[in-house]
Amino acid sequence: MSLKLRNISWKIDKQWIIRDLNIDVKDGECLAILGPSGCGKSSTLRIIAGLEKANEGHVYIDNIDVTNTSPVDRKVGMVFQSYALFPHLSIAANLSLGLKIRGISRKEQEKRVSSILSIMQLDQYSDRLPSELSGGQRQRVALARALLREPSIYLLDEPMSNLDAQLREELRPELRRLVIYGEKPVLYVTHDQQEAMAMADRIAVLKNGNLEQIGTPEQLYKFPTSIFVASFIGRPQINILPVKKGLIKAIRPEHIQPKDEGIPAKVIHREWLGLNQIILLESSFGTLRMSCDPSVEIPSTLNIYWDAKNEHHFDAQTKKRIKN
Amino acid sequence: MYPILLLPALILLFGVFGIPIVRYIWLSFHTSSVLTDLLPIPNNGANWIRLFSDSRFWQDAIQTFRFAISSVILEILIAISIAILLNQTFKNRGIVRTITLLPWALPTTIMALSWRWIFNTPYGPIEQILTLFHLNSINILSSPKIAWFATVIADVWKTTPFIALIILAGLQTIPEDLYEAFKLEGGNEFSAFQKITLPLLQPYIFLGLLFRFAQAFGVFDLIQIMTGGGPASTTESLSLYAYLNALRYLDFGYSSTIIIATFILMIIFSLFTWILIRQTKSLLSIR
Amino acid sequence: MRKQNNLICLLVLWSLLPFCWQIYTSFSTPESILNPFTYQENRWTLQNYIQILSANPPFWRYLYNSLLVGLTSTAITILIATPAAYSLSKAKQHLSNTLKLLLLAAALFPYVLLFLSLLEIARAIGIANNLFALSIPYSALSMPLAVLLLNSAFSDLPNELEEAAIVEGLGLFQRIRWILIPLIAPAIASTSIIVFLFSWNEYPIALTWISDSKLITLTVAIARIAGSSVYSVPYGAYAAATVLGAIPLILIVLLFQKQIVSGLTQGAIKG
């Protein structure tokens, strides 16, 4: 176990941001911390980096308690949301600053910087200023800086959120490859469930500072432990059916299909997306989303059906999963 | 936060602002003059009693207010015009801005001397022009009625650039599309100035007003050099009176009393202006 | 457009005329000074400049004194104000607002009124008539504005930049040296110039602290040349003195106009 968070709690002015958080991340494992804004995911990262100090609990990196270690001495490699490249320094100087501070010889500095620049395919930009680079290039420089730190753990804070959608998809495999290259635990903070599922071995879903569920993307998708996780994972969003006898049922849009002897429904909106089509329906269960094969012809009224074994059941009071 | 980094600055500020103020308050209840060999001797508030019946002090207080208020109001009005002018695009705008800034950068002593020379009778240019056209001499700096206004003109000349710059900075924060939207609504240029420019400039105008009023209230260099407080103390400011008491009449106790009284008058006046501004805001439709 | 040009000319004339008149006077012979618009023969002279430059001490001595005081006060102010401003930018909202308000009050304070007590202090600790000692009150008096200006520069820096430096392993002083100072260099430059201008132009404290005629600063020297009596003033010489005294400032304004403007307006916009 290379990162352990034990009973971490943190508050700002009496308001708890994180409550009793326990997380383990293995070497080489990428854990995504997923949640809506304000759920405490960035704060968790900052507590691990030492930029904030938890009110309670302990942080262990490589089984060493670093709770009271200064962030300067923690050896974490961090990629910030804004990349936080030093705007007055060239790319090469940005990368060598940390090495210089650690007393590494000038020759060695140059060697390491030029090798990381070529890995990142940034060779020709070494003398440029950060402002002269594109968003994707800046992101790679930020990543290179984290890699040069030779850290015990990588912390990535929404590293893709400043990039456009297309670039994000292009960079995902690359980021994955480079991060694994260090064979260290990786924490990846994001609010984008798709990105979390694409990047992470496991995902921790946070809500209001509490760990809602932690597991592989598949576990989260198939067995969400609460309505919150069920709604957060999977697009289009899961359909929550009306409460009946203290039970809330939910069904994923992709599990609903047209069938002649089913529930009657009326189409109110449709989105044809190529890969699939999403149909918004009005039925006796209220408004439902259905995702189906794009080649299927959908009339304006139809009957729909889903297999009861695909339903997720939750307690209407606790909003938690009921075994089914 | 690293409080230790703040410490040297705080110590220095305490030494130069804190200690003197406490010392003044203390001295104002003591006689410390030639009579006592400058040793402070408690006098049961004699300085304060003297102050209340000192007509020169009250005359100077009125003069200081008159000077500060007239120069600040003139400055604001001229500065708004200059700022609007400098905010437009024209050739050599950079050079014009630099030239505008010059009077502010010059030491008060230099510009006070220049103005004293301009207002000089009979050799200054103004008197010379009057003579050229065979007009009567107006003897500006020796006339108790108008000498004070000559000092206001000099002060306005020197400090208007500062306010103009602050207001210009304010003007540049007003987005152009506000004016465009206003024009589409059918507003004319004057009403745009009244409804958009003035209200949005308001904080900058108040800031300039505050800064300048505080400075004008402490006016010293200008008066000391231009008129020495004359004629017949009509241009004498409170700070000059305090200076004369300390260094000419060597009465440190009374000088301190004048200084503390000046502080108090200034604070009262600032509060009064503050309330007045808040009250009149709605009347002027500056919102 | 016509109207605009006229107004600009008026503005330029208004700003320059008093000074042009000084230049004009400074090159005039005593006879033409007395009749500036009529006297024609023997019109121009350099005698006024020769007179003040060959006086004892020569005029450049005062320029040197002012420069010395200006540079030391600027250095002390920046050295003390920069860490203070940094510390202030890291303070809790509530505390930093209170401190900023106090600094604003100090910046607005009519400092002239402090001269008497400052003179007493200077005499008590024996630093009156010491040129370098003048930079202590000058630094202190420029401190509030300097801290406010630099603080707004520090507060404008994105927090993540400094955090990135922390994570990279840079300690406090390494961060200040490698990251923070270079990034706020423009603000340091404009603050320095404003502090320098203040100290160069300061009069009442210089007047009361320094009596040795070899140590007086430019402003006091010019006021001395003018003397006390309106009638005995050597106008030519003092016009020459004002011109010489103004030249360094005109150069500063020409060279650093951008920094001065940004320094003054930064304070206004952020305040």
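Note that the chains take the letters A, B and C in the order they are written out, and that residue 1 is the start of every chain.
Methods note: contacts are C-beta pairs under 8 Å (C-beta built on N, C-alpha and C of every residue); 3 or more make two chains touch, one makes a residue touch a chain.
Remember, predicted model here, so these are calculated numbers, not experimental data.
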Chains adjacent to subunit B and to subunit C under the stated definition are none
Name the chain with the Cα centroid closest to the overall protein Cα centroid.
C
Measuring centre to centre with CA averages, how many angstrom lie between subunit B and subunit C?
17
Between subunit A and subunit C, what is the separation of their C-alpha centroids in Å?
55
Separation of subunit A from subunit B, taking each centre as the mean of its C-alpha atoms, in whole Å
60
Spell out the part of subunit C that touches subunit B in their complex, as residue ranges.
4-5, 7-8, 11-12, 14-16, 18-19, 21-22, 25, 33-37, 80-81, 83-84, 86-88, 90-92, 95, 106, 108-121, 136-137, 139-141, 143-144, 147, 172, 197, 200-201, 203-204, 208, 218-220, 222-223, 226, 228, 230, 235, 238-239, 242, 245-246, 249-250, 252-254, 257, 260-261, 264-265, 268-269, 271
Subunit C touches which residues of subunit B in the complex?
1-6, 8-10, 12-13, 15-17, 19-21, 23-24, 82, 85, 88, 90, 94, 96-103, 105-111, 113-118, 120, 123, 125, 128-129, 132, 141, 157, 161-162, 165-166, 168-170, 173, 204, 207-208, 210-211, 214-215, 217-221, 224-225, 228, 239, 242-243, 246-247, 252, 255-256, 259, 262-263, 266
Show which residues of subunit A lie in contact with subunit C when the two form their complex.
46, 49-51, 71-78, 80-82, 84-88, 97-98, 101-102, 145, 149
If we count contacts the way the header does, which residues on subunit C are in touch with subunit A in the complex?
158, 160-161, 163-171, 174, 178-179, 182-183
